[in-house]
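Shared chain: chain A. Partners: chain B in the first complex, chain C in the second.
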Partner chain A sequence: MSRRAKRQATELVPAHLYGLRRGTTPVLTALCLLFAIFVLAPLVWLLINATKNQAYVYGSFGFWFAGPFRLFQNIAALGQDISGAGIFVDWLRNTLVYAVLGAVGATILSALAGYGFARFRFRGANALFFLVMATLLVPITSLALPLFLVYAKVGLVNSIWGMILPSTVSVVGIYLMRTYIEASVPQDLIEAARMDGASELRIFLRIAMPLSVPGLVTVLLITVVAVWNNYFLPLIIFSKNSLYPLTVGLSSVSAAAESGTKADLVPVLITGGLVTVLPLIALFLLLERYFRAGALQGSLTG
Partner chain B sequence: MADQLAQAAPTGTSLRIRRPSAGPSRTARRGKVRQWPGAVFIAPHMLMLGLFMLVPTVYAIYTSLYTTKLIGGTSFSGGANYVTVLQSSQFWDGVGRVLLFGVIQVPLTIALAFFFAAIFDAGIVRFSRFFRTVFFIPFAVPGVVAAVMWSFLLLPGFGPYATFAEALGLGKLNFFSSQLILPTLILIVIWEFTGYNMTILYTSLKSIPREVTEAAIVEGASLWRIILRIKLPMVMPTVVMLVFLNTVGALQLFTEPSILAAFQPQAISFGFTPSLFVYNTAVGSGEYNLGAAAAVVLALIIGLLSVAGLAVRRRDGEFS
Partner chain C sequence: MTHHSTVGSTEKVRARRRGSRKLLAVAIAAIAIAALGACSTGGAAPAKTVAHGCGHGATNLTFWGWPAGYNLAVSEFNKTHPDTCVKLENAGASTAEYVKLSDAIKAGSGAPDVATIEYFELPSFEITHSLVDLSKYGVSSVKTNEAPVAWSQVTQGSAQYAMPVDLGPLALFYNAKEFKDNGLTVPTTWSDFATAAATLHAKNPKLGMTNFDPESTQDVLALMQEYNAFPFTYTGGSTIGINFTGTAEMAFANYWQGLISKQLVTTAGDFSPQQWANLDSGANAARLSPAWGPVGMQLSIKNTIGNWVTAQMPQTTAGGQLSGNWGGSSLAVVAGTKHAKQAAEFVKWFGGSADAWKILSGPVAGAFPAYVPLLNDSTFQARTLKITGTTTPNTVFAQAAQHMVDPQWPPIMTAAATQWTSTFAGVTKGTETLPQAFTTYQAQLVAYAKAQGFTVTTN
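Then we have the complex of A and B:
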């Protein structure tokens, strides 16, 4: 990382060469600051209001603390079924299961297929790759409904596999892995290994994959986010609230909170939103450099 | 890329390795190479793609050709569902709405993203690393949570943003009124996706060699000229791809309006977007066949627009 950072620093054209007017940098920095406030404000609001009770969420200034400090009671409420809509902790566990299994599956399938497309020329390869890319055009809303109708025939409605299996198909994942492998797994190396008598599977596992770790991490991150944030598919295929992921669970709480008759649901909604968002933000901050330096760079420039 | 290779190659395998070449080497194919394993490697993915994308697509078309009645069961009805969809003013209102939404949101998002990516790339902003990280954060926020947060922030009357607007002398704004609901959705989607687009454009700009910039400086070009006349054309393929992805996303708009509908039911109608029309028809009203027909029409509209877009780019010589 440090080596890369140093190289980038030396590659940067020194700013004074542009001959900018004196005020330019402060003005641009101020613009960035304004946009940063715009971006962070809702998350700050979420954090502050997770400490309030329902009356103070509506009755006090949104960007400062007010009333009794209720954060821990609000978090405790996430373990209870106070709306009749279901239990937040169940949704969190479901989301973890769907995201981990779906993303790991998608990464494995993308790595296999990306390698197959990048390093082999077989009959129909181009047509199949075009077919894969073309599925980007089919809207998820056009797929989820027929998927539900198919599930109804084969008994996959209200099954976790109905959620996990389609999540293992990642078109973006294949595209990224293909481009990454083309750039970082030399054909010469594969040929050499073949001459040494290595099996195809062994070459894939012991040569291609170790060279593709940044690409694999990027695909894993992208697919975790995709499953974590998926709303339409689980909304359609699950009717039992014990199977909901966070997104569908929260939307059912928000519907119940607005219908108004039930107990204090707004703090559950806000605190639940906070707990939904924090793990992914933490994951990104931890793995940021993969996202930056990884496959995005190689793949999207061309 | 090359230094990663140099580090990873010796540790990655116990096999005897010839000196690895320093980059992608498509020219290095020689002799007869076994190619059947390629098909085996892609088989698992193609199987899943077939089962979970192609089968449902075919089934949607099949379903859309039938009609289910309470009395008499399911019978073949040909294009009747399509006639119903194509004659539905609600459906077309929704299509018009997402087109208008996309025409405004996509250029705004990409212009903002390019502006920030370009000034970060030029290194003329302080704390640019911090800003890049912050701008990217909303990508990790699910659309459901984003819509919930913004529903509270923009609440008419006592939401903080309505209060700010009033303090600024804009009067009592109702962000969920029929005039403002579309700008409100645009605001939310810009909040969600600007950072993601910025990150991709930034990595793309970073790949332009510094010699290009240096040569332009020697020629006396100003920074803004370098950004707009030299760098922007060089990252045009990335911009085109982002326009495509953002447009497809805009046409499928569903999550944000469907969550807002819980808070502001009067603002979001049955067919506010085509995706909501599909969902409300199929799940809300239980008319699966009609919903499937609407889903097919929506997919065709998106496909046609994409092909038309590609054709225009090709005619203009952007793609070879």
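Then we have the complex of A and C:
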């Protein structure tokens, strides 16, 4: 028996041993398949319609190719300001900057805060943690005007830091890191390191962090996605389209496409949507292994 | 839990080390990208703003606007006016911009000198004293060059709060081939229109006369103007008239509900893929289109190119010539600007000069003018589009632009539009009728206006 076959044999435990009735597996598989179609169909649609011109986007079957093949013209249009709303490539670059700086910052802060909450006993620790959690309950829309007024006072309106600084605080990230560190960085190990004379910073960097890599990657992924998809904050603080991220930029192209100009904007919008989701998909595929480990750890101990 | 993780075998440790190395690689790549991005952001940002021909010592004006082609007109202005340098910024379209504008005005910083504002939104900014009265800067001399409907919407008594730019008079845009194939004549009254719709539907139940989107505030309000049933009155101050339940308004609601109930019209969303597909498949034989509509439509259809002919809107009374206005916008000078005089000069040029309109009515911007010299221009009126074959839509739209009611927008249009969408959704779904929605909406809007401190009249 080859190694591969052996592995398969041990992995394929008959369904009835799990207490599943005969016939359940095909039903579950079919349900999963349906869900997969539900999730993937819009992506397929984007891919197909990015190759059409506007008349064929509206006037042909959405899940098959039709009309002249316009993919390359549509992609080329992403580098130009054809709608008066701005240039897609600028928005893509802005989003990358905001997402990377915001997410790296959020991961560092979450690791520090999570480690503090998980491994230090101090007065008011619980109260502070609940205060952090409670901020999840405040709807961001109710903060729009006060946020803007404060931003205007400190000069963060139309500044990239106005976007990046708030993005470096992730409540979910702090929660995840606390849970993860509680589970994977033993208190005994920290005590032992202290006995040996390691400084607190060294313990954090050399012991706690290496043991928390899956947790860190999870937080990084979650915050990249959060910043990537953030619409509300940039909408409020930017009035220059050269600073827009993809979310706000695409919605302004969408508004331009609606009111009707002579430009072929709808296919450009679709192509832009496609290009917007691709980096996120790539990131997930790249880091999926860590992400799964991190998410599972959280679920077992949280 | 401590138990679980202390069992780390050597293999696990090695895997983790590999992991952290990979993470490091990712982090480095990320930082590299960030650095790259940061550099190019810094370098590229100033180039974005349109600033051609701006010499040293020129007065800088910030201009918020979103319509296509405005950048070209701004470049032309800067080239021909060396003392003023206008920088165009796109702060979002319509409501997105208004929210930012009112936020910036409240914050006392970050507001532009000039902003694009649609006619219906002007009173909301007038009542908060956010706009400069242009009559003090000699802009009112352009009055004779502006379509009366545009002029009335930018003025309040002797005060002029904005410079009109474009307009959206309505006309009947119909598929001539489909009309001919089904033996229809072009309806001149609303009662003819209903008869034609019934004839068409009787021949083929798949065919509807046109589309009516109950959820599109501006579309319905434009049709109500044309029906002589505009529900609002406002002449400045704190009194608003709201009347969705008057005789004319209810007649309008009942008329369209009749067509909807008999499925003689469709109720797809305006500008939705469904609407374009309906126009192109024949499921809609006509479109009640604003003047800027055909330009946007020409890229969205493919089977019926060349079939579309423009005619005057059907009338409530035979022999009438009334049209309604959907869309169009103005340029307002924002209070607090340090350069009101230069800003006034700019908006006057932008909306009221042949030089500006050469660009604004050109192929990129495609705006329909409120500027009378262009409306009356024979070359402008003789323009054709691919989808209109040899017919000339501007002839009809220019005529319509001179025959419109003066809608008096109340200073609560942002809230009115938000409420509208939720109240009228049931009409599309068929869970309520248009007259019912009018009655509900009347009560909601009156309550809202009173809560805001307005005196409300309802007749």
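Throughout what follows, the second predicted complex is superposed on the first by the 271 of 302 C-alpha atoms of A that agree within 3 Å, B and C clash if a C-alpha of one lies under 4 Å from a C-alpha of the other, contacts with A are read in each partner's own complex, and residues count from 1 in each chain.
Keep in mind that, in the parts below, contacts are C-beta pairs under 8 Å (C-beta built on N, C-alpha and C of every residue); 3 or more make two chains touch, one makes a residue touch a chain.
Every value quoted in this text rests on a predicted model; they were computed, and no experiment measured them.
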item	value
Combined model on chain A where chain B meets chain C, clash or fit	clash
Chain B or chain C, by number of chain A residues touched	B
Which of chain B and chain C A:L145 touches, first, second, both or neither	both
Touching partner for A:L34 - first (chain B), second (chain C), both, neither	neither
Contacts of A:G116 with chain B and chain C, given as first, second, both or neither	first
First, second, both or neither for A:E191, with chain B first and chain C second	first
Touched partner set for A:L243, first chain B, second chain C, both or neither	second
Touching partner for A:Y56 - first (chain B), second (chain C), both, neither	second
Chain B versus chain C as contact partner of A:P214, first or second or both or neither	both
Partner chain(s) touched by A:N229 [first = chain B, second = chain C, both, neither]	first
Chain B versus chain C as contact partner of A:V104, first or second or both or neither	second
Segment of chain B that clashes with chain C, given the candidates 44-52, 278-286 or 296-304	278-286
Shared chain A contacts, counted only where both chain B and chain C touch the same residue	57-59, 145, 149, 182-184, 186-189, 210-211, 213-214, 235-236, 248, 251, 255, 258, 301
Contact footprint of chain A on chain C as seen in their complex	1-2, 4-6, 16-17, 19-20, 23, 26-27, 30-31, 33-34, 37-38, 40-41, 44-45, 48-49, 64, 66-71, 89-94, 96, 100, 103-104, 106-110, 112, 271, 273, 276-277, 280-281, 292-293, 295-303, 327, 363-366
Contact footprint of chain B on chain A as seen in their complex	3-4, 8, 11-13, 15, 17-20, 24-25, 28-29, 32-33, 35-36, 38-43, 45-46, 49, 57-59, 61-63, 109-110, 112-113, 115-117, 119-122, 125, 128, 131-132, 135-143, 145-147, 149-150, 165-166, 168-169, 174, 182-184, 186-189, 191-194, 196, 198, 200, 204, 206-207, 210-211, 213-214, 225, 228-229, 231-232, 235-236, 246-248, 250-251, 254-255, 258, 269-270, 273, 276-277, 280-281, 283-285, 288, 291-292, 296-298, 300-302
Chain A-facing residues of chain B, complex	1, 3-5, 8-9, 11-18, 20-21, 23-26, 28-30, 33-42, 44-46, 48-49, 51-53, 55-57, 59-60, 63, 112, 116, 119, 122-128, 131, 133-146, 148-153, 158-160, 191, 194-195, 199-200, 203-204, 206-207, 210, 213-214, 217, 222-223, 226, 235, 237-238, 241, 248, 251-252, 254-255, 258-259, 262-263, 274-275, 278-279, 282-283, 288, 291-292, 295-296, 298-299, 302-303, 306
Chain C partner contacts - residues on chain A that touch it in the complex	53-59, 67, 81, 83-86, 90, 93-94, 96-97, 100-101, 104, 144-145, 148-149, 152-153, 157-158, 160, 182-189, 210-211, 213-214, 216-217, 235-236, 239-243, 248, 251-252, 255-256, 258-264, 266, 286-287, 290, 301
